[in-house]
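Here the structure comes first, spelled out in structure tokens, and everything after it is commentary.
Per-chain numbering from 1; labels A, B, C, D, E, F, G and H assigned in written order.
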């Protein structure tokens, strides 16, 4: 509660323009303010945009299409940008009945309807992916970045075993304000890119690989141990998380 | 090689102002440019500042005091900011003989001499630490940020089991442009802070704890699985790495 | 065998009111008392209620519907409360043919028929769940607590990334005699709640999450390393186990 | 802030007995109340006793003797019970200079001075330890329980490979209100005791063992997978944590 | 090659009764003797019975029904006992066409036809299983023991959380010459039985359990760290392996 | 760029036979040479054969049949040997429509069309497999070696538990120039073979086994810890990778 | 209590030859018989020899010399064979003051005094060790076997990378009644020996090795996954445990 | 035994020039030939050079200086090249007393005396190391290669975060017949080099790094999952093993 607002309220009480009971009620309410809406199985957080820079995003995995649709309706109903990650086609069908103009990005597994309330980011976010099998995660990052109003540059299939493919794109690398690097297997690409650019690098390990890749652990460890400074890491396959922090940086 | 520079050179060859042999030599040199200095056991990378935004930093662990001093001499001799992490007092003694005005930050284990060539960052980097045992890592981050010319705000001992200590500092949290969060044990602090601020959060797990903390793995996993978006993670105890990416963000 | 009971028996033998053979038989029986019923593939433990405070519970996973029904019939036939966890709809169909008034809690995956023999617990058990994906485990805990005759208060979707949702419910938190906290991903909720209440906290990690959550390991480690005292942990997804110890505490 | 207290304050403002400025200041203070004392490197939490049932406990590992003494002085100076765990003899020497009547429990590695402000627990806490090598952890639990004003019964060297040692103590087992079970190696003791008693069992894995005990992981997993209901687990070697939750239960 | 056999051959050469060429051929053959039959995809080892005490056993997993049948035909055709583990009903159908009197043990997943060539074991092998979910593995052990001509005593559902079920069977425990103990979850049963009997105990961890049982790792570690001497362990779910070594012991 | 080629070009510029603009363009092109073809989702690397000794191989897993066919068409269209690993029958159908004479090796899961441009290897590559369940991986190695124009000798079902099967084949072992050893379970075969031959041994752990084989980790660790020198290891189930390095060695 | 013994006692009571009080006391004593001696920190189990075939063995690690000596005195004082494993020279000095004729086996780290009460084993126990670094564990097994009155044959440095060293000793291998195989690194030796002999094989992984041997895990996994039947495994470095079960087998 | 040698012997027997007894003895000896020397604690393998291409190498770790010297004396006494890895200065002192002209390579921790019996390798072995902390392992590889008579080219401090340092050395990379790549941290260097050269690449992960490098596991996994074909891996820090297989390849 802003000090000025508080002083005004107390002045009003002092002058008798607001009763003690009413003032007590308003202040108690502020102590316990509930900026969320309780759906029973979920509490939709309508203030998150103000607090953290983007609206509440729905994590679709493990939720029924009906649950996804119910939450989506509340968010879109308030005029917020709607973003559902890890969405199934079934969830999209359910959402479309309540938010008819929602779009579905199949490869990225994202349901989206932009509301235009998010200001544009300052620069371009480049998304580099090591192999063709990393594209789903890379697209989750890309579509999320775009939903958060950032220009995106996609640079795919530039793994370190064919270094010339990457080195040929020096200009695009240097033009980016933030670089998201998506890679599975040994996860070496962020180290190489981190040594080439001065922009912050957000690394996303993917569960691509077999044998001792252990569902992305090898790539995760490789990225955490990167010998290049300027690299931070998000969870395995977490294209969405990489987009969030990258958009936050791009909106500074 | 810049196209204009190349055209100028070819023009000079065309006009006979530069001989073919000399042009050939200059071009071959550009193909193979070696912007590093070979000390036999190490190749000092003098162009890194231009390329990635800060000069080559010396990782002190596993190097002898004499090796550290030799590298430090080269870096300082070129007028670059000197930064040696994981430094021992013995290494500091050795460095002081060749770089007399180098400072030693004991808790942070850093040898430093600023050269003034790095421009100031745009905002403040807040460094939050969960417990008193996390201070060494937090200080490694703080001193590195300062060496890279960023204002730093230290907020220590604000673990989640005493939440009011953290909530009392809302203003400092919101004032930061980047937040580094250092925590051991369960590593929950980045999730809580990530839900409170809109600045990017760089999380540093520490090896503090015992039993099933497994030298920081518990904290690392907690941070990677953060339910708050806008959080990225660096390696266990890697205060230096967190500072690098945070400074890059703060210099955008 | 109580010393008085033993002395009385020996007195009776001494006085000839009980024959040596009969006394021998009764004593041998006490040495080897078998308070269980052997079904061939299972030994139903009818004395467990007396010994540990609640009747034998059937773990449904890996048992055929016919096996579940056979055990259920024995337990219900003795007038004990019936509780089958990890039950399938098929098992419920089989049980219903032999225990017609058994209920099925679908989300909790529990078959239940209360027999009224368990005394009420002293206070309320609050069950807090971090996200909507943790509800199945939370409900397993809640239904089990209720079957053991404890009042239950459900507080769902109060994850640490939206702290105000939790802080708004301070009164309910403080009113509980025991708190069960169910959380996946980084498992930070028990640390936060453990720092707010003086009631014992029983933490249940869930296998919710992806990537480096490793099927609940991240949450489990987070909870074991909780910086808040007063927190103990049960196995991943073990809502039933959390309910057992919480009911025991609530029946002290 | 209690509603009555708030109403009284507003009444006073209304009646002019408290100025608007003073009321504003007092309310703002309540919004941001800081019930801790900032020592620079640590924030001593004086309200924790009220909030969680026992005073702030000092975790001695990784703190210098001087730091431990400084914190101890603040806690004891307020008349709170002082408890320092994982304490070294050096730390004890330092504490003694500022809290002269502090005691040192060498095997338990605890510095303690009781202040008498904690009410007595309702029943006895039994502490069972599997082997002689588990005694240090068992004593950490025992001394902590005693410092929190609980009667303690110690039952040591009752490992499952010599079951008669345990079965001979049935009366002591049944007399306990809470049972703490400390075991290394395979960690089987809590399962056996959990099947014998109706009291809640708090299991503490220890790092005792060799080879595939992996510093207590084998015991930890054994306890988490206990087939006996009514068992919850704390971190490896965490005798203190087991005592905290057990004392909370015993004070219900 | 036995020295006497060799001397006889050389004598024959000396006396001209065996030509040098023929002797050379026979000796070379002995140097390279191939006591197996090459099916292309498999080399059936007909001498294994002589060498290790039981005939080659077919591991059914990952083999097609046709491959299983082809190998089974060779083994049975030589009059050896046929044993196929991890067999599917489909494999059984295929085997029956070539070995009509082969039996299928469904719970144990074993195809078997005894040939009567294995001598009887000296004593009884007791197979103890902790829970009803461990029965498949226990039966794999039991049927294998029987195929190797050992009397078997089955003692099922005697987990440590209901100790009296086990203690009531002291006589059967003491009567066994070898004890196989099958248990999942925390794997504590071998420790308890190992403390009660003087017979060697072969422990088999099962993948029964959930959460932190990690597919049998918890039980495996518990058994390897058993505080009872006289316990050795085989692989997770390896009822067959436990039977092999137990039968070898029982045939000494 | 070869120095002579560069000098010739500069001479031409000097003499006016090549314009400055044209020279600039040609040089810039060499700086950024892109020896790949961009399909949008993939960048086909046509120079790899020259650079690393064999053409780009398509890793089929995670690619749609249409994607596989599109890449295959480009590779075959340039007259390069086509090799698709981890291929499904569906992918083969798709490839056949654009490369009609491509073959499918079902057990090896490889689509192949040799173009005859790879020179023959110097000696024979022997592929030893421990068990019949390892054949798929062994065949992946064998077919890849053959596609790279190496003579292959297959030695299957020679596991260490029946050592005579292996020892009987000493001549074939010694005749090989490189030995690939494929084994699951304990992965002991490379150690034994490594002690018998002087040829380099490339070990391939397979995910064959159960329980504590952990999908090939046991075999992988066994091979990495081989007590025999002269053994190097590739990823679990990576028959293709073993073939690559073996063919490189055989082509030296 | 034997039924006959019980009937005799009741007869005596019946006939008045034993008073009710005395009979009650004797029976209560049998219910609670404590066949151990309570030293406060340890409960010495004097009946273990009768129950499990060998006397209580003292695990020396983590016990002070004084504690070891106190327990040793009790065991030797009853005329039992004394065996202290993982003993330090300091513990030996302390033991010698109370058990003057105790011996110290330095390489095996065992204090021993045989009392002659253990009957001889039936055959020879062969102890095979892969490398010279495995000798300490092998000797722990050997000395324990000898203390338990078994003839021992030592076969050291017969690792699988030099197979002829092992094959040259076929006669000694076949002469053994039990084989203990001690190996670090990849732990392949038990598989090879298990394929050669019909005696039971007890495998002991050692923590010998470096890198990915992970302190014996590689060897442990190798042994658990042995492709040879007839192999069971004990804990890493647990030479004592291997000797216990081998002696039990040899005493059948 | 060569067929001709055998035939000659039989001819001699046939002709009476060799007695049956003598022939029998000679043949039996060949069946059991012991091409090793038994020192009690070790069996020196004098035929290994013939069998595997290089003489027995002494692994110094865990052996006393006296043991190392005893084995060294035997090897050098037979005129074989002496190589002791993981050697301490103390071991060197001991060796020098019996092999006076042995050399000690301190950084590589190798004692060496070449005997000149190993033929020269065909090409150069290039040893690339990522960082200055990897030098000890790189030198172990280099000195071993030289002892095995291979020309060695050392290329140190060429980590992927400063790619131009590596790309500047393309000629040396392409000139090598085999490339050993030594790297810690994320272990990305072999992937990059594997994509540049056609020579086989042997990758050595090192335990250099901190936090989530886990003593070299991160580098090991990175290398096993290399996206570049033509890469095989040896154990963590196993410079010796990499040299062995590289020398074998270079001697083909």
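In the analysis below, a contact is a pair of C-beta atoms (placed from the backbone, for glycine too) under 8 Å apart; a residue touches a chain by one contact, two chains touch by 3 or more.
Because the structure is predicted, anything quoted here is derived from the model rather than measured.
Participant: So if I look at the partners of chain D and the partners of chain G, which chains show up in both lists?
Facilitator: Of all the chains present, those in contact with both chain D and chain G are C, E.
Participant: So, comparing C-alpha centroids, which chain is the farthest one from chain F?
Facilitator: D
Participant: E-G versus G-H: which has more C-beta pairs touching?
Facilitator: Most contacts of the two pairs: E-G.
Participant: When the C-alpha atoms of chain B and chain D are each averaged to a single point, how far apart are the two points in Å?
Facilitator: A distance of 39 Å separates the two centres.
Participant: What is the distance, in whole Å, between the centres of chain C and chain D, each centre taken as the mean of its C-alpha atoms?
Facilitator: Roughly 25 Å separates the two chain centres.
Participant: Between chain A and chain H, what's the gap in Å when you average each chain's C-alpha atoms?
Facilitator: 51
Participant: Indicate the residues of chain H shared as contacts by at least two other chains.
Facilitator: Only 162, 194-196, 211-213, 217, 220, 224-225, 228-229, 235-236 qualify.
Participant: Chain pairs that touch, all of them, please.
Facilitator: Every pair of chains in contact is listed here: A-B, A-C, A-D, A-F, A-H, B-C, B-D, B-F, B-H, C-D, C-E, C-G, D-E, D-G, E-F, E-G, E-H, F-G, F-H, G-H.
Participant: Using the touch rule from the top, collect the residues of chain F that touch chain G in their complex.
Facilitator: My answer: residues 130-131, 159-163, 185-188, 191-192, 194-196, 209, 211-214, 217-219, 221-229.
Participant: Contact residues on chain E for chain C in the complex?
Facilitator: 131-133, 135, 156-158, 162, 164-165, 168, 208, 210-213
Participant: Which positions of chain D touch chain B when the two form their complex?
Facilitator: Residue positions touching the partner: 32-36, 40-43, 45, 48, 59, 61-63, 67, 205, 207, 216-217, 220, 235-238.
Participant: In the complex, go through chain D and note every residue touching chain C.
Facilitator: Where chain D meets chain C, its residues are 51-54, 57, 122-123, 177, 194-202, 220, 224-225, 228-236, 240-242, 244-245, 248-249, 252.
Participant: Give the list of chain C residues in touch with chain G in this complex.
Facilitator: Answer in residue numbers: 1, 3, 6-7, 10-11, 13-14, 16, 20-21, 23-24, 27-28, 31.
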